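By letter and in written order, the chains are A, B and C; residue numbering begins at 1 in each of them.
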Amino acid sequence: MTTSADRRQRPGLAWAAPAALFFLVFGIVPIAAVVYLSLTRWDGLGTPQWIGLNNWRALANDADALHSIRITLLLTLLCWMIQTPLSMMIGVWAAGPQRNRAILSTLFFLPLLLSTAAIALVWLALLDPNFGLAHNLGGLVGVPDGNFLGDPHRALLSVAFVITWQFVPFHTLIYQAATRQIPHTLYESAALDGAATVRQFFSVTLPQLRNTVIASSVLIVVGSLTYFESILLLTNGGPGTATRVLPLHMYIKGFVGFDMGYASVLAVLLVLIGTLLSVLIVRTTGYHRMGSQREGL
Amino acid sequence: MTTYRAGGVSVARHARPGAPPPIWSTPPARPRRRHRWRRNWIAGVLSAIWLAIVILPLYMVLVTSVRTQSAYLSEGAIQPPTGLTLGNYGRTLRLGFGEFLMNSAIVAVFSIVLVGALALPAAYAITRGRSRIISGTFSMYLLGLAIPAQAVIIPIYLIVTKLHLYDSLLAIILPSTAFSLPMSIVVLTSTLRDIPNELYEAMFVDGAGPRRTFARLVVPMARPGLITIAIFSGLNAWNGIVFPLVLTQSESRRVLPLGLWNFQGQYGTDVPGLMAAVVLSALPVLALYLFGRRNLLRGLAAGFGK
Amino acid sequence: MHRNAVFPNRARHERAGWCGVRRRVWTRRAVACLFVAALLGLTAACALFPSGIGPGGRVFQVWALQDPQNQPIIQAALDSFNKTSTTKGSLTVYLNDAYKQKLQVSMGSPNAPDIFFNWGGGNLAPYVKAGRVATLDDALSENPSVKNAFLDSVMKTARIGGHQYGLPINGIQPVILYYNKAVFAKYHQQPPRTWDDLMTLVDAFKTHGVIPLVLPGTQAWTELMYLEYLLDRVGGPGKFEAIAGGNTSAWHDPAMLRALQLCQDLAKRGGFGTNFASINYDNTGASALFAQGKAAMFLMGSWEYTNQAQRQPDFFKSGNLGFTTFPTLTDGAGNPKDIVGNPSNYFSVRAGGRNTQAATTFLIKTLKSDAYVTSLVSSGQVPAIKGVNAKFAGSPNANFLNFTYDMANKAPAFTQSWDQALSPSVASELLTNLQKLFLSDITPQQFVDAMEKAQ
């Protein structure tokens, strides 16, 4: 029951207002502007001309856009499937108390130090088929001529690999910290019940990491949807359109092709897909209820 | 009832009734067991492979940064360098690296501070407030989670120009902050939701209004979440290239990612110079990490683990 | 157990954390933080706030591409202009892709540059159409010596709707076939005269494990060069002129189909090696391959000459950098002397700015001045100035300069690179489809269908 005294103790609108207003100006207003722009024809220079839903109708006929959506979802799935188990396993392992693990986890952290542009340029040099690692080690993975970025399928895998290289450290850190938080009593009881190492992982560690997995997954999904700088530098969407994800397609249409109206349609689409996916993840896993995994301890 | 004191972080964190302290903060007071953590060979092997994958490119960056350009082109990336040179680092520093670094640092620090100052009160209001308008703002932030920067760059550019902020670091800081806000608020609300009602009621009984509750209870207990969003928004600000590109112009306002350009000519990249710049740009973050590592892990634990 | 007064619950081994210092950890850390904060605070004061660039400035802004060759030349020109002018000029440079985005965002705003770098043709057209570019007609008619100084074929590219909107600022950049003399000597081969010669060479080099033609396929504009030349050789310059003029059905011309087929056949034949689609030009992957003799020939713009001089000095000094014209087609309708490439790069002036006058004066005074032209020549470029070959004598690069100048001067037709001549949206479709064509993902018929739809 909320008494009026209680109400005086609770934060009022003034607490939420600064952030809300700030985000309104720099977040919501631009989105609204983009929605408006999607209904116009504009080359970025003159004045936008209202054309109603023509751009949206063009979307239905744009095979490249549908292809981009497919590639984006594929890449997101790929990234999630690779990054989540990898980060989890390494994070759990790194959470152990052995001293060498502390040193190693520092080493694992290093890719986070580099900016996206730096990472893309470094990997571009490494993937050079004649002078880079691709040349030396390509044979090991069945690509003797080092042709990674030039083959449509391998290009997508290479891009997924670079993204993984960049972000696994971050997620490893999250899992590592979360694992260290797990109370040892749980493991002790499991051991008393006769559970072996592997079984302990599945019945103790994994459930305790549930909220972490959800949070990390939302970050991966949302991140993959808006990720495009590295791809721009590595393949520019190529070869052909093999790695042209939706943000890149939007960039090419808008800033290279000077068709800001249509690019705005793609932008709105991106925002919708992203919101949908995050809400989906959060709702279906009950994250929004913020239940604790330590109930009753 | 547990007492708490301002700055008494450790006590407040253990305030959940009955919860044992997290494993890392107490030394093993009981007799040593042979396997406190089970040996996980699979993960160990995987980690070794992953270590190689992580280290090899970094090794290449380091090694290339001390080669001359012609040596790089003739020897390739992997071979141990024959003649070492620090000329690339000299060139990097001469090309204004110090200024770019300072600008990037300013952008990152101010973004982090601004995000914290905006997000924490908002999260507090969302978790504890009773107004429907306030819950409405939370939905607004959820909508903002997946906005790509390129999509809204033109409207933002127009807004920044109207505010007469073009070609200033503020022009980068403000939009970067806005873009980090949704995730930060989501993380902080999740952190604050774990503060038990009893603690709030304790403050209430003591006669504390929202301001005192905020200062004495919320801020200390939100420290883990604050560290998480500091890393998140700091990295975004440090790495960002779209906002600096479009919203700044002069060299005096240039940030590090744009500074890497100095090594990319129109018809060829000065790869060793680029690598030297990359190494130099990574050093400050590395230093921060080495100093703050324990706090980092401690902070992240409570931010995500619960 | 010793109790630490500041952190009562920290375990012993944890207290010796930072720098291994036990006591007074907190104070030292606080001092360090304050110091850093103060430092940031001081410097932050300046950079946080706008730099004053914008409509109020009394300095005209020049935007150009980042280029170690041309940048110093333009900067020097600005410096000497600033000495005698009340309105000064200032140069800012950008990397290629970033430049186009930046320019597009800024041109509609008060922060637009007064002078901006562009490639003429379809690259410049959107800005002209939006009324953002000032014409130079008046200034040129007042200065007939400037007007008549430049090669007409080069001026033409920046002439839109009958008005002159840009002036050439650097050298002519035709596409040249470079070849590695050492590799040719080693296998006793001669540079190709005809397309059939080229096919023979391709087969010969393949057997020796040498890549016949190095192609940085991650960047589709390098593939475009082959198509441009082949279309001209097959059907003459009129074929592309029709397309550039807006005739979309001109894509279906049999000459275009044949040119596309020739490109695809060359790729399939192994003319570019197997991994060409992964090679990148910007990170010098292609130039190094060529210089080290792993590839025999390289079709690239004239700038590759100076690129080799700077990046592959050993190879360059060895004198093994050969250059020749693109092979001819014995049954083709095009004139063997036709060339393709970038006529030049241009500076255009923004319309309606405060400093239009000063900017125009700068261009008129500088671009054909002796100092400027000489510095271009010394950097290994061929300025688009009539009779400039008189300046070549005595230059170490005289051979190349004369070759390039003759190529451009005697060419009946100089077709601009298609990705700069066509509108940007069509250009980007063209490049994407071209990559697919070279990888044999689409047929020539599918290519022209897609291009007609795009235009």
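Just so it is clear, a contact is a pair of C-beta atoms (placed from the backbone, for glycine too) under 8 Å apart; a residue touches a chain by one contact, two chains touch by 3 or more.
If you're wondering where the values come from, they're calculated on a predicted model, not measured in any experiment.
Taking the CA centroid of chain A as reference, the farthest chain centroid is that of C.
Ranked by C-beta contact pairs, the top pair of chains is A-B.
Mean C-alpha position of chain B lies 37 Å from that of chain C. Chain A and chain C have Cα centroids lying 34 Å from one another. Computed centre separation for the pair chain A/chain B is 15 angstrom, with centres defined by C-alpha atoms.
Shared interface positions of chain A, i.e. residues touching 2 or more other chains, are given as 44, 121, 125, 131, 255. Counting partners per residue, chain B has 73, 154, 158, 269, 271 as the residues that reach two or more other chains.
Residues of chain C found to touch two or more other chains are 101, 105, 283, 288. Per the touch definition, chain B reaches chain C in the complex via residues 10-11, 21, 25-27, 69-70, 73-74, 102-103, 105-106, 109-110, 153-154, 157-158, 161, 164-171, 173, 245-246, 249-253, 261-262, 264-269, 271, 291, 294.
Touching chain B in their complex are the following residues of chain A: 2, 6-13, 15-16, 18-20, 22-31, 33-34, 37, 44, 86, 89-90, 92-97, 104, 106-118, 121-123, 125-126, 131-133, 135-136, 165, 168-170, 173-174, 176-185, 187, 197, 200-201, 208-209, 211-212, 215-216, 218-219, 222, 225-226, 228-229, 247, 250-251, 254-255, 260, 263-264, 266-268, 270-271, 273-275, 277-279, 290, 292-294, 297.
In the complex of the two chains, the chain A residues touching chain C come out as 43-46, 121, 124-125, 127-131, 134, 145-152, 232, 235-241, 252-253, 255-259. Of all residues in chain C, those touching chain B in their complex are 7-14, 17-18, 40, 43-44, 46-51, 53-54, 65-68, 92, 94-96, 98, 101-102, 105, 109-111, 281-284, 287-288, 291-292, 303-304, 307, 310-314.
Within the complex formed with chain A, the residues of chain C that make contact are 97, 100-101, 104-105, 107-108, 126-127, 130-132, 217-220, 273-280, 283, 285, 288-289, 294, 423-425, 428, 432-433, 435-436, 439, 441.
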